[in-house]
Each structure stands twice: as structure tokens, then as C-alpha cells.
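Structure in C-alpha cells, see below.
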């Protein structure tokens, strides 16, 4: 495999790994979204590379080339089309995610994933009537503590 | 054991018995049992007295007691079940006595066999228990609860012994067993361990010292008998004489070859009943749980080893 | 026949037109969605009536006249047609009727309809990806649009998981493409025994399974389920649990049959299915509110589905389809019952007195869910057990023991709930103080009607067991028939080639 | 339309009618008529009980390649007879005063539901008994389970609800084991039809048979309540509303034995079971099952001994007596199986009678707690009489029917040379005697409580079925041949040599049993006893219960002079320490294990990073992929840029 | 009436035998009764210490057919062995009433005869036969076993001769005994036993059975009818 391909592939894989690691290790939801963007970019790059030929040309078949098909090195157009779609979809998802982050920030006042999850669990428990609602100003940790208390409270066998 | 089984089965297939044939037996057998039982009680009391260096009661003392009890002017009943209890207690033993073969009288014994007999023997206990229950006296109920516990204690080794014997003779028919022993060898020589365990259970079955916790006069006022007066008590005395008789005849039939003639038979049953009597005044009374413990330990162990030899 | 395409096109158009139309006339916009759904149903019924041959053979529709493998195509057989029918019908059943619903939500519902229909009909791998993503976006938005903070947070977590999943799926598709150079399913199926029967093929299957699994509530990637179902309306939860997860499952199975001949792929699915069954039921056992219980029960049932489809051969296919179809009707019905019964299980104390009919329906539904003969759920479970016991592998043996255990746990928590429902009122004070009770309400007539008709359907199937079982056999044989797929899409392929594939 | 069709159709229509009419007052009369008519239909098939050809239903269903069919043979007929007669008696029992009181205490609706539950139980049992292949057997099985559950769940008490939940979980476990076994049978033999499975079984290896037998036995054993699955039954049956408990106690749990007879005895065959050696022991599978039966006679019986509530005591005995049936069947000779099968009939009669008496006591006094009863014999003498007759049957003492079946089992054990099993069976019987005495003593004997002085005899509608059952118990005890005819036919139906019998019992060269003679002698003995008592003894006076020896203490109504607490104190001193609640602890441990695993799984679903799971599954899946195919292919597979290939 | 010589005995000496066999059975029973006496020793005082030697190997009462019994239901003889306090007397009377006829009372020690060394105590009943019909008194403080056995033998002879009928007196003159008991214990005195009913049941009543004291008793008497076994549906 030519060196340049190694570089390209490792770059793409590296991007994916960075994205994935970011998603796993970060707690800030906005950063997580950015990590997702990086991950998608990496995977898209991989997809592109699968159709990439070193020194290839654009896949436009001219009539005079018909006689000598095997001599021509062309880039594969299909992955590029796919990636185009994937990028569009990715952008859509990211925009949706951003909008959601704004709503979350407005309502929960935090971007920390851990706190969001605890608040979310607590909200769900309150909605379903298995935990006590607390005022919006009470600290999240207190609420979650109470919720935990309640969930341990009654345990029918 | 195949030869045994062939022997037993070929000889002792009983045909249909007509009622007329067995009616004399049905009348005579309880009488014989009653008289022998009275003598056994007398023997029991005499031996006890002798062991305690006393003179002991006169010869007819058991008769005096029973006649006196039946001749009481007033007697209390706590209700119909109280009466029926005594009837069943006596009647059950009468039935059991009839089901036990004795020399020359074994017409009906084959209709039941040893398993039936050992269950018929529970009928008087149950009847008595019901009768005592109606007395509404907790001492009686405690006594019954102890008596039933005692039954549980000695019946387990007893039933192992019965199993061993029945396996040995390949039969549950008492008549078959006796005849086999008379023509071959006594069971006690063929199954010494089972015989020893059987003797042990005999001790419990007779309900005398040291296994008479259910009576415990000073503690629960003779337990089941606490409210028994007059003919009720008399019934129990009659029952006791049957009890001695049944226990000894059963043992003699299983291990000592029954009796080919009357003399031999009586000798054997009195000899059998003598052993527990001698033992009974040498030991103090066992508590209920101790009785259960000892009965489930030694006789069971001996009997199981005995079975291992028999099988 | 070709107007099948309209199933995708019309809702998609409606989705984009609706906000525009709403500017001039809101009523028109509202009716637009409904009318599109009715038209869709009419189209499918028409197709079904028109061509009796759909029972035995399938039809491939090339979009825009470009024949596969270059063009993209829709593949229509019994099963895809059935699910294509299920999409508008169920969307219609769980249509957000109330007047306050914004027009955006209707629009998203139409998007959902379009993408779902496309997903099930599509005969092209990348199209499947695209429709899947559309479906995902529609459902993220539908969840988030519920307005509550919890819904947004749940939706965002769902979005993160789903996006990563779809990236993985894209990666899988990339691998497949590099191996085979095509994305048409039929073509891939032709090439699969040579090109994909290797470790890369297996890897790509694992990636696709992970990606699609997010929607299909596959074991480890389903932690969004309780959060999302708990925060959205019952209608949406019913739609997602009943329909969308099943669509994803069917697509996975189709890919599995056509593309991945490796036994390891089945084993992977079996392992994840078993884990899903056991963890789902275990957590449901601990659940303290109704919706959460249903969510985890749904995870468990989907685990059963994966386990069933992982059994090679027609028996597994039958079992899988039976469970899928059964769960597809029962779970939405249960979610409809949940509309009145949100809240702690303890609060349901004595509801049987207030709404005996609903409780009766609930019992019938869960009996079928548990697989009590002669209700349809039993036959599904019976097929599953027979299928599992027919296999030798240790995983299947494990599954054969896990499934009963899961059922026992399921019966324990479901009937604990029934007993709570039949409690005398005031028998046991609720755990919490009274002001936080979410008091049980009476059900909407519509929800009860849906639950009742599902129950009636179940009983009708019991009375018509023989035809139902015949239908199941034909569905299973068609779904598992690779050759029919290939020969339908490429009628020109020589039969000799076909035999060599076999 | 065969008679079987008529019967099933009639019962089905009747259940629909009863469901529809459940709120009407005349429903109780109607249901009695229904069961009577159904019994008549069953009697039309009575040729089955004497070795007639099986009756097939003309209704079959073809589903998933299986043909479901229904038929009645002698065994089914025998069980169906017990079912319908106990349903008839239970319905009669609750048709009168008991039903009115139940309506008053609960509601009309509840009473109607009880009737519905009863007819559904009967219907489902008939469907089960009529099953002609394993799949229809399973369907019937589940129907019976759920019908029983419905019956149990009718009692709104907290204890009853708990028991019902426990029951249904156990029942589901059993059903699942059964289903697994069916699935395996199908794959091993290729069919679920009895005949074909029977043929297919011949080709299976011993290990396969062992697996099947253990699964089947687990399935059926849970229903029968054998050790170690005995925990559910007693509480569930005891807490069922009175008349329901009568029916359930009589027959419900015996459906397990029916299925066991069909599957293990008839289809698999006990010789195959006996051929399975248990490794590292000298036992075979049959021995193990026999021991399960023997332990089931012992442990629940001694648990019953500790109960302080009449219903619970009886229900525990119901579990224990099931052990005798299993033991009898597992001896596998004609006498033993006859004993086992006959015990089903006998048990049904006395257990129904006992539950009726206890229900009558509850009806009059409002409680079945031993500490709150006593001395009722003067107030309810007929009830007492029925109870005495039935406990003699339960304890297996002549001349009642329970003795005959137990005698058969003992005799078979003797012939088979099984000393330990024999001893175990006897230990069970002795425990039964102890606890039935406790039952009859603590309810009917001893001191009458002040508040029960005005208690009256049970009403006629409850007495008639009780007395009828008492007569049956005695009559079949004296003339066991009547039942043994049916039993012999049932034995032929399951492929065992029929027991040789006559009207009075068994004729066996090595010591038989003739109950007519035994009973005759016993009654002769009682007559002698009565003569001694009434003729020789003088007049006696009936005295008040407070005129009682109390060590010189003056008894008044303020002093409760009655012994019912810690009834077998001495025995418990000895064996009390052996009650370690091992099975309850095991059950709790199992629940704790599930709870622990559940918490573990829940923590998994609560992970804060949603993506973590995706990553984990991808990594694991890829690891699995690499592991499964070996690394060599990786380098070969990685050739990118494949379009030109 | 409190003198020793006034112990009322209804002697039936003048009984005529019309049929030689008429009394045979009765005589047999009487003989057996005399040869089989179960005694209930109510050990109220120091006299009880002399009973064990009388029963055990030195003197061996069993050769006379005398056996100890622990419950009044089975006993024939009530031995009152010493001073009787008022509280004890209640129990003695109850025990006596629970014994089954024919039954006999033997008062041992001087205390039962006239109060003995407790003659001026406020708390003892001095003369036992005011409250119970005593058959035999064995005086002495305390009487030795020989004396006890001699007393027993006397009783045996009485019974054999058909003279041991003091128990009938309790039924026939119940009013008298009840009066003395009421005098000591107060007017609300009642035992759980139904003496009047018993007297009526066995035909042992006479005019003196009833009187002013039985009327007092009837006023406050708790019902003593046994529960009849009845079938009331």
C-alpha cells in the first residue's frame, strides 16, 4: 500500500477515534456534539477513501477511452455521492442536536451530561409519581439523593 | 429367599371362609385374649412388687379392679364421643385380637395380614384419643398428644421390623409366617437383630415404664385417663389387658414361631411379656423427646442393620 | 403496482407542504396529512387486491426506470407490503388528534410515515441508510417536540446514541461497498457468498446491527428506551415501540438473510438477544411505574425477537415473524392502556373497580404477551422454543433456558400489577404522600377502542388458527427465500447461476 | 358428534351461560344442574371405566403442522369422574346458605365470579383430560393453571393475593419446563402425537430420555407440589374461598399426576426411566422420583403438623398425599400404580369432605384458627362425624378408603423390597395421624368457647354433600373393588398390567386384603365393645364441661381450660429444630438473586454516557468477530478499493 | 351432730333375701369394691408422711388391693391427712364431689376429728364430718402406718358387709352439708359439680336433700346443664 494511502487512512481512522473518544470521555454536551461531528467527518473520510485511487481521474467516461478501459484509473463516484448525502444528513442531525442543547441549557441550566441525566431520571420519576417533586431551585444532587432514597424505600419481593 | 417364598405361598393360600366357621373363633379369641391379658397384668404387678420387695396384689386383683370399676354407682360422661371413644378403644383391640392367629384359630387372620393388623392397632388409640378429647380436660389432651408422639416414636422401628420380617418371609400373612417358622426355624434365630429391635419397640408399645410419660400420674394426672371413671376406666383396664396380649402374641408370631399347641403358645407369650416388664422397673421415665430420640436411634439402627442382613 | 412509490412520495411531499399550506389554511393542512394516510392505505389495499400473485411471489419496482443494480429499486413482497400497510395504519391510529397539536408535529409524522415506508420497501442498502436516518431525525424531533424538559433531554441522549449508531452503520456499509462494489441488495446477495463470507463481512454486519439496533431496541444500545418512552405521550411511545422497532428488526433480518451467510452473525444476534431478554425482564421486574415497566418489557420482547431470528432455518423465521407481529399489536395496545395509568404502580391500587373493562383488556393482552395458550402469543413462543431446541449450539441451549426464566420473571411483575389493580380500595396506603400521586385517569375512548380491537383480534386469531398458521408459514418462507429476492430483482439471471449460489 | 363432543360442548356452553348469568340469584341452582347433567354425560361414557375403547372427539385443529385432537380413555374418564363429582358437590355445597353468606360478606359479583371460576376450572380440566397429543395437553395444562389462578385470586385478602402470585409464578415455571420438554420431544421424535412420540421414544438415548424426564417431571411436579416445589400449594389452596378450596383441594393438583401418568408412564414408560442411572450413585431415575414422592409425603405432612389454621393444615396434607400418589405410581408394578391412582379418588373424597367441614365451621364460627375454636362437637355433631370419617380416611386407617390405597402402596413397596421408602411412607402416615388428631381435637373437641354456645349445625345444603362424601369414603373403603375396577381400566390405558382385585380388595397369594372381612371384624369388635360398655356398665351422667378435674381448681367460664397451643410440644422439642425453613430460605435466596441481577441490569441501563454502550457493543462485537474467524483472514480481507475487481 | 358417734349411717341390716340369687351379683360387686380401693390422698397436713411407708415394701398396701390414684374420677377413697384450713376445705369438698360413688372418706390425724392442736385456730375447719360424710376416722398425731392400715381394713369390712354407705348421706342430706359449707364460705358458695342433679339422676335424693340452703344456692347458681349434642340446622 502506498505511503500516502496509509497517511490518509490513518488520518481518517484517527479522526474517528478522536470523535469516539470525545464522545466517551467528555461530559459537556456541546463538546460531545462536536465530537460527533469529528467522528462523522472521520467516517465520511473513510468512505471517500474507499473510492479513492491514487492518481485517479474524475469518473467521466469519454468515448475515446472505451477501447482501453483497463488503463484508466478512475475514482469511484458512488462513495462520493454517498458521502454527500451523509454529510447533509449529518448536518441536519447536528443542527437538531444544537437546538436541543439550547433547550436543555434553558431548562436545566447545565450542560453537564451527568447532571442532565440525573435531572432527567428524577423528572421521569416525578412524572410517573414514584418520587417527590422539589422546587426548581433545589440542588440536583439533593433531588437525586431523595429519589434514590425513594427507590430503595419499598421493594416488594 | 426364593425357597421361602415358594413355601409360604404354596401352603397357605386360604380359600373363602364362611361366617359360620369363624363365628366360634370370633367369640373365643377375645375371651382367651382377655383372660391371658388379665394374667399378664397380674404378672406385671407381681413382678413389680417382687422387684420392690413387696408382696404384691392377690391373684384375682385385676378382676377385682375391673368388677369394681364396672360396678360403680355413679360415673360421669362428658358426652357421646366420650362413650364412643371407650367403645372403639375396646372394640378395636377385640378386632385386632381376632386378626391375630393363635393355635387352632386362624380363619380370619389371612384377611388382613400384618400391615392391616398394625393399622387396626391404631384404631383404639384414635378412638381413645377422640374420647379423651371430648372430656375437655387439658391434662387428657396433653396425655394424648404425648401418647401419639410415643406412637410415632415406637412405630417407626416397629414398621421397619415388620418390613424386615415380611421381606424375609416374602409374605404379609401372619399364618404363613408362623407355619414357616414351625417347620423351619424360629424368626429370632434367623433375624436376631430384628428380633432385638422388635423387643425394644415392644417396650414402647406396652406403654409401661420407662415409656409411660403420657400417663405421668403426678404431672398430668394420668393424662388420658384423667376424666375416666367407673366403666370408662374399666374399659381402659380391659383394653390394657388386650394391649399386653396383642403385643406379646404379635412378637411371638413374628419371631418365636407362634404356637403349635396351647401350652407352647402360652409359655411363649408370657415369656415375651416378661422381658419388658423386668426392664421397665429398672429405668426411670423418659421424657417425650428423650423417648423419641432413643426410639429413633437404637431400635431403628439395629432394625436397619437387621434388614440389611435379611435382604 | 408502480404507484407503490407514492407511499414514500406522497407523505414526503405532504410533510414539506404542510407548513406552507398551514399559512393559508390550517384546516387544510390538518386534513392533508390524514388524506395522505388514507390514500396510502388505499394504494396498498389496491395493490394487494390487484395482484393475487403477491402471496407467492414478489415484485421489484425500479425507480425512475433505471434497472438495478445501477438504479435503485423497491422490493415488494408479502412481508414488506404488510409492513408498508402497517405504517400508515398505525400512524393513523396513533395520530395526535388533539387540537393543540402544532402543525409541525403533523409534518414530522408525515416525515416519519414516508421514511418508514421507504425503509421497509427499499431494495438498496444506501437507501435504507438514508431512510433510516430520516426516520431517526423524525423520531428525535417528535420526541423533543413533546415540550417537556425531560423529553428534550431524553431526545438528545437518544440522538447521540442514534447518530453514533448510524455512523457505525455507515462504516459497515462502506466496508460492504469496498468488498463488493455495489449497494443493491439483490446484487449484494448474489455476491455475498463469495465476497462477504469473510471476517470483513461479519464485521460490517456487526456494525450495521449496532446501528440499526439502536432503533430495534437491541440489547446494549437501548438505554434510551425507558427515558424516551417515559417522557413522550403514549401515542408516540406506542408507535415507536410497536412499529419503528419492528421495521428496524425486519430490515436487519432481510440484510441478514440476503447478505450475511455466516453462522457467526446469527450467534452474535442470539447472544445480544438473550442479553436483551434477560436484562429487560429483570429491570422491568423492578420498575415502579407502568410506562417504565412496559418499556423494559418491550426491550425483553425485542430480545426474544432477535433470539428467534437468530435461529437458522424456517422455524426461526416463523417464530421471529410471529413474535414481531404479535408484539407489534400488543405493545401499542398496552401503551394505549397506559394513557390512563401513568404513574406509580402503587397508585393503580383498586383501578379494577373503576375501570373493569380496561383491566380485563389488560389481562387479555398480557396473557397473550406471556404466551398463554391458546392465545396467539403462545404459538409464537412455542415456535421459538421448538426452534431453539432444534439447534445444537450452546447459545441456543442457553437461550432455551433463559427464555422460560424471562417469562417467569415477566409473569411475576405483570401479575403483581394485576393483583394491585384488584386490590380493595384503601387497602394499602400508597407509599408516598398523597399530593404527589399521579391519580389514575379514565382512558380515552379511542385508546380503549384500540386495545379492545387488538384483544378482539387476538381472540379472532385463536378462532382462526389454521389459516393464521398457514399465512405465517408462507410469510416465513418468503422472507427466508434468497433466491426469490434475486430472481425477482434480476429476472434475467440464469437459473444455473442461481443453483450455484445455493 | 360423539359423547365427548357433547360433554365438552355442553360444558363450554354452560360456562358461557354461567358467565352471562353470573349476577342472577338462581345461578347456584343452575350450576348444580349443569354439573349434574355433565356427570350424566360422563356416565354415558362409563364403558370406559370398565375397559371400553377410547372415545374420540370429532373436532380437530390443524395448526403449524400439528393436528390437535381430543379423546377420552379410561384414565381420563376416571379423573373426569372425580372432577365432575367434586364440582357437583362443591356447587351444591355453595348453592345454599354458604353462597348467601358469601354474597353478603363480599358481593353478588364475587359469588358469580366464584361460580364462573368453578365452571372454568371444570371446563379446562375436561379439556386437559381429553387431550390427545402433547400440544393439546399443554393447552389444557395452561388453561387449568389459569382457571385455578382465577379461583385463588378471588379472595381479596393480602395473604391470599400473595399466595396466588406465588402460585402463578410457580405454575409458569412448571409450564415453561413442560414447554421446553415438548419442544425437545418434538425435535427428537418429530411429532407430538402420543402414538408417534411413543414410537419415537424407543430410538432415543438414555441421556435424552433423562433430560426429557427431568423436564417433564419438573413441569408436572410443580403442579403436584412435590419437593422442592411444594411451597406454593398449601397457602394458595387454603386461601381460596371455601367452596373453591373444596374443589381445588380435591382434584386440582392431581392434574399433575394425570399428566405424569400419561407422559412418564404411558409414553416414555417406567422401564425407560428405570434404565437411567444417576452417575456416582446406586440410584436410577425411577428411584429418584420415588424418593421425591416419599419426601413429599414426609416434609409437607410435618409442616402440616405445625399449622395453626385448619385450612392450611388440610392444604399441606393435600401436598403430602400427592407424594403417596407419586410414590405409588413410581413403584411401577400393578399393585403400586393401582394404589397411586386409587389414592387420587380416595384423596379427592376425603379432602373435599374435610374442606367442607372446615368451611362449615368457618361458616358458623367465622374462623378456622385453632386457638379460637374447640368443643364444637356438641354444636355441630354431623359435621364432626363427617370430619372423623374423613380424617380416618386421610390418616389411612381402616375401614375408610384411604387405608386401601395406602395398603396397596405399602404392599407394593414390600414386594419391591424398598425398606427405606416403606419407612418413609409410614413416617408420613404417622405424621398424618398426629396432625389430623390435632385438627379434630382443636376444632371439635375440648372446651367449648363461651361465644360458640349458640353455634348451630351446618345448614342442610352444606350437610348433604358432606354426608354424601362420608358415605362414599366408607363405602369405597369397605368395597374398594368398585373403584379398583376403574383403576384397573386406567392401568390398562396407560399400559400397565391391571391389578387383580375383587370387591373386597386384593387377592394376593402372599397375603392379600379383604376389606369386607376387616370391616366386619372391626364392627364386630365395636359391637363387643359396646356390649361391654353399655350392658355391663351402669348408668352414667352427662356433666357440664366445667365439672372437670383441675387439681382442685374451680372452673368457670372465665377460665379457658383447653389445650390447643403447641399441641405436640414434646415432639417439637425433639424435631422442632429440624424445621429450618430450608426451602423457604432457598426461595428467598432465589428471589434475592433475581433482585441482585435486576439491580445490576438496571445500573447498566442507567449509564450516563449513552455512547458508551454503542462503543462497548462495537468493540465486543468486533472482538467476537475476530475471535470467531481467526486473525489470518484479516490481512487477506483488507484489500481496499474493490470496484475494479 | 358433731360428735364422733353421730356419724350418720343408714344401715341396711334388715335386708331380706327373697331369692337366694338376688343379691349375688351385688355381693360380688361389694366384695370386689372392698378388695380394690383406689385412694386419693389429699395430703393436707403432716399425716401424709405416714402414707409412703404404708404403701411401700414394709407394709405394702397393694396386697390389700389398695392403690394410690391421682385423679378423683378414678378414686374410691379420699384420705384427708391432717388439718383442713378453710381454703383447703373448698378444694377437699370439690375433690370429694368429683369422685364417683361409691366413695369413702377417711380422716387421718386428730385434726380432722376435732381440730387437734389447731383447735382454736380461726382458719381451720375443725370437724370434717360437718362438711363431708366421713366413713372412718383414724385418730392419732400422727397415726402410724399400722393404724392407717387398720383403718383401711375396717373400711374394707364395712364395705364387704354393705355398711359403707356414708356417700349416700351426702346426697340424701345435702342441705345439711351445704348449710355448714355456706356457713363457712359464705352464701355464694358453689362448686362446679351438680350434686342435686346427680342425686336426682341416680335416684339418691330424699326430702332432706333440699332445704333452705339449697334454695340459697339456686339463687346464685351458675347453670350446670351440660351441652347437649344437638342437631339444629
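Order of writing sets the labels: A, B, C, D and E. Residues in every chain begin at 1.
As a convention for this text, contacts are C-beta pairs under 8 Å (C-beta built on N, C-alpha and C of every residue); 3 or more make two chains touch, one makes a residue touch a chain.
Just so it is clear, the model here is predicted, and its values are computed rather than measured.
Trainee: Any chance you could name the chains that touch chain B and chain E both?
Mentor: Of all the chains present, those in contact with both chain B and chain E are D.
Trainee: Chains touching chain B and chain D alike, please list them.
Mentor: Joint contacts, listed by label: E.
Trainee: Quick one: name the chains whose C-beta contact count is the highest of any pair.
Mentor: So the pair of chains linked by the most contacts is B-D.
Trainee: Tell me, please, which chain's centre (mean of its C-alpha atoms) is farthest from the centre of chain E?
Mentor: A
Trainee: Report back the single chain whose CA centre is most distant from the CA centre of chain B.
Mentor: A
Trainee: Calculate how many whole Å lie between the centre of chain C and the centre of chain E, each centre taken as the average of the chain's C-alpha atoms.
Mentor: Centre-to-centre distance between chain C and chain E: 97 Å.
Trainee: Express in whole angstrom the distance between the two chain centres, defined as the mean CA positions of chain D and chain E.
Mentor: Each chain's C-alpha centroid was found; their separation is 59 Å.
Trainee: Hey, how far is the Cα centre of chain A from the one of chain E, in Å?
Mentor: The mean C-alpha positions of chain A and chain E differ by 108 Å.
Trainee: Taking each chain's centre as the mean position of its Cα atoms, how many Å separate chain B from chain C?
Mentor: 78
Trainee: Quick check: what residues of chain A touch more than one other chain, meaning two or more?
Mentor: If we look for residues of chain A contacting two or more partner chains, we find 20, 23, 32, 50, 76, 78, 117, 121.
Trainee: Send over the residues of chain B in touch with two or more other chains.
Mentor: 71-76, 78-80, 221, 226-227, 230, in rising order.
Trainee: What are the residue numbers in chain E that touch two or more other chains?
Mentor: Each of 71, 73, 198, 202, 226-227, 229 in chain E touches at least two other chains.
Trainee: For this structure, give each pair of chains that are touching.
Mentor: Final set of chain pairs in contact is A-C, A-D, B-D, B-E, C-D, D-E.
Trainee: Spell out the residues on chain A that touch chain D in their complex, using ranges where they run on.
Mentor: So the residues of chain A touching chain D come out as 5, 9, 20, 23-24, 32, 49-53, 76, 78, 113-114, 117, 121, 155, 157.
Trainee: In their complex, what parts of chain E are in touch with chain D?
Mentor: Per the touch definition, chain E meets chain D at residues 71-73, 90-92, 94-95, 98, 191-194, 197-198, 201-202, 222-233.
Trainee: Any idea which chain D residues touch chain B in the complex?
Mentor: Within the complex, chain D contacts chain B at residues 375, 377-378, 381, 384, 388, 392, 395-398, 403, 407, 410-411, 414, 417, 419, 422-423, 426-427, 430-431, 433-434, 437-438, 440-441, 444-448, 509-514, 517-518, 521-522, 524-530, 532-533, 536-543, 545, 547-551, 561-564, 567-571, 573-575.
Trainee: Show which residues of chain E lie in contact with chain B when the two form their complex.
Mentor: Per the touch definition, chain E meets chain B at residues 28-29, 31-33, 35-36, 56-57, 60, 62-63, 65, 69-71, 73-74, 76, 100-102, 198, 202, 226-227, 229.
Trainee: Quick check: in the complex, which residue numbers of chain C touch chain D?
Mentor: Listed in rising order, the residues of chain C that touch chain D are 157-158, 160-161, 164-165, 168, 177-181, 198-200, 202-203, 206-207, 209-210, 213-214, 219-224, 226, 264, 267-268, 271-272, 278-279, 282-283, 285-286, 296, 318, 367, 370, 372-374, 378-379, 381-383, 385-386, 388-390, 400-401, 403-405, 407-409, 411-412, 415-416, 419, 422-424, 427-428, 465-466, 469, 472-473.
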